[in-house]
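Just below sit the structures, each encoded as structure tokens.
The same subunit A turns up in both complexes below, where it pairs with subunit B and then with subunit C.
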Partner chain A sequence: MRVLRPIRQAAARAAADGDVLGYWMDKSGNAKHASQDTTSKKPTRRLVTANNKTFWAARFDGVDDAILSAVTVSQPSTIFAVAKVTSGAGDVFDGQSASNRHLLRPGSNIIHAGASLTTAAAGTIYAVHAAVFNGAASKHRLNNASLVTGNAGTQDMTAGMCIGAGLSGAQEFLNGEVVSVLVYSGEKDEATQTAIAGYLASIVGISL
Partner chain B sequence: MKSTLWEHRHIIIVSAADLAAANQAAVELLPGGEAERRTFSVALSLTGLAPATDYGCFTSVTEPLRAGLRTALLMNRVASARFWRLGAADGRLKETNRVGNQRAMDTPCGWADVLADVGLAVIVPADGAG
Partner chain C sequence: MRRGFGPAVSNRILRFGGVSFSPADVPGLALWLDANESATTYQASGGARCGGR
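Up next is the complex of A and B:
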């Protein structure tokens, strides 16, 4: 499991609401930290109050922000993300190569690993997404409710991960906020997914 | 909670002819070294189709970086550089060197507003997803 959250920063990194965020710690212990060295591409670290909760989020500007991790995973895989889309159809996460994709695009509710599995568009509020990449049996769940099951393709995410944009951070920029990304090998069973979704929902004050 | 030092948001657009000089200025001034050579990475054109006529960036900056970046661009003779400085906290336009068709100061302003004002569109590559 890899856990990426913009909450704990290395020393001398972002410390205040509105600072740029060039480093995103992998809290799982696997050292797959995400980073961005180009100043203009760094998201900002924001202290957000929503749903009667206050929490940290990474705000991506929808223009050129993206943050990259060396994390990899092969199918079947399960990736959770807590995110909010402000506008548009940018990517919360994706692989870093066109042939190694694991994509979540909440603005148009697509998950994609070589084929697009799509359902009705989501709203612009914080939500807990669970994307299970498992070929023709892939699944997209929203706030622990099933949205769609079908074919999302068979690609593995073996070239690293991009958060806040598509591919290597070159396109499909997210105009929105990401609170947490959890990457798991394997398809988590429903009870485990429910437990993880409940934990993530509690961070942003969503009752499941 | 400390106040952020990243108090400005800056939109900068340069012509394609000045791209190398603008990125060189970013390398020399901004903290990321060679990684800053990708600062002006958003390809723009009148139609949204290649080839790019201009390149842009939208970035948070501290006051020293704001002043330094502007000076560095001028010293590198990036004559085409157009600036829009926004307040990071309120997203309102504080300053621009654009002449003519100028948006009113201290009004809400963002990336899409600036592109509309200058008649440019982002060149979006097809990614095959959706």
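Up next is the complex of A and C:
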């Protein structure tokens, strides 16, 4: 006897400007796709123009938007993000546990993995951030230029990653946009960082 | 077939000397989220939750 199975309805793509973004596929091949079930907490996918380029970004409302991935990484690690802060000091990404943090807060230019490594704020522009989490030798680069080297703590990010929000409450929700996030294990050398930053900068029209 | 509208962004760029580069060429890639590819972005979650948010 033939068994009838329910048809799995394909999820609609977030293809149009303003569509909510509930599922963001991981292009690395590791299937660490980011997701958000609650409609009010989903970022929106927006078509934006800056630096004479038109590109897509995930826009977070700074209130409760966040999207989550189960990706894990241990120190040393290198994380790239193309993001813009509209206002405030929200987080582009953070770990999902207080003892497993990898944080980037462009509004006050902090990277944090148990300790805060801080430098001057990036401003409300699209920028390519590179955060190397490596204990006392952690580094933060902005548009492929070194900002600061120092202690960002020794925590690994082993409980997943949150994009668009941090751990410490409402003040850490990002009011801004994220174009891309790349997570690598290991500290990447400057030549490799330059290549990756160049790729990301080309998307948003930044000259490095 | 590509759906939606707006710019397509290649996974690769040409660098000096015509050498092609993709972030996936670099060992250790654990996660790659890219808002510029409609084939990777969906309105429904379609997957299991992680974390409490």
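Keep in mind that, in the parts below, the second predicted complex is superposed on the first by the 193 of 208 C-alpha atoms of A that agree within 3 Å, B and C clash if a C-alpha of one lies under 4 Å from a C-alpha of the other, contacts with A are read in each partner's own complex, and residues count from 1 in each chain.
Please note the rule applied: a contact is a pair of C-beta atoms (placed from the backbone, for glycine too) under 8 Å apart; a residue touches a chain by one contact, two chains touch by 3 or more.
Bear in mind that the values here come from a model prediction, so they are computed numbers and not experimental data.
Novice: Go through the superposed model and pick first if A:G166 touches only subunit B, second if only subunit C, both, or neither.
Specialist: First partner only.
Novice: Between subunit B (first) and subunit C (second), which does A:V73 come into contact with in this model arrangement: first, second, both, or neither?
Specialist: Second partner only, subunit C.
Novice: Give one of first, second, both or neither to describe whether A:L182 is in contact with subunit B, with subunit C, with both, or with none.
Specialist: Second partner only, subunit C.
Novice: Determine, under the contact definition given at the top, whether A:G18 touches first (subunit B), second (subunit C), both, or neither.
Specialist: In the superposition, A:G18 contacts subunit B only.
Novice: Is A:G62 touching the first partner subunit B, the second partner subunit C, both, or neither of them?
Specialist: Only subunit B; A:G62 stays clear of subunit C.
Novice: With both complexes superposed on chain A, which partner does A:I110 reach: first (subunit B), second (subunit C), both or neither?
Specialist: After superposing on A, A:I110 lies in contact with subunit B but is clear of subunit C.
Novice: Can you tell me whether subunit B or subunit C touches more residues on subunit A?
Specialist: The partner that reaches more residues of subunit A in the superposed model: C.
Novice: Give one of first, second, both or neither to describe whether A:H102 is in contact with subunit B, with subunit C, with both, or with none.
Specialist: Neither partner.
Novice: Tell me the contact category for A:H129 with respect to subunit B and subunit C: first, second, both or neither.
Specialist: Neither partner.
Novice: What is the contact status of A:H140 with respect to subunit B (first) and subunit C (second): first, second, both, or neither?
Specialist: neither
Novice: From the superposed pair, tell me which subunit A residues show up as contacts to subunit B and also as contacts to subunit C.
Specialist: Common interface on subunit A, subunit B vs subunit C: 15-17, 19-20, 22, 37, 41-42, 47.
Novice: Which part of subunit A faces subunit B closely enough to touch in the complex?
Specialist: 15-20, 22, 37-42, 44, 47, 61-64, 89, 94, 98, 101, 103, 105, 108, 110, 112, 116, 118, 166-167, 170-172
Novice: Sort out for me which residues of subunit B touch subunit A in the complex.
Specialist: Counting only subunit B, the residues touching subunit A are 1-7, 26, 30-33, 35-36, 38-42, 56-61, 65, 88-89, 111, 124-125, 127-130.
Novice: So in the complex, which bits of subunit C are touching subunit A?
Specialist: Where subunit C meets subunit A, its residues are 3-7, 9, 11, 13, 15, 21-24, 26-53.
Novice: Name, in rising order, each residue of subunit A that touches subunit C in their complex.
Specialist: Where subunit A meets subunit C, its residues are 11-17, 19-30, 32-37, 41-42, 45, 47, 53-58, 66, 68-73, 78, 80, 96, 159-163, 165, 178-186, 188, 192, 195-196, 198-199, 202-203.
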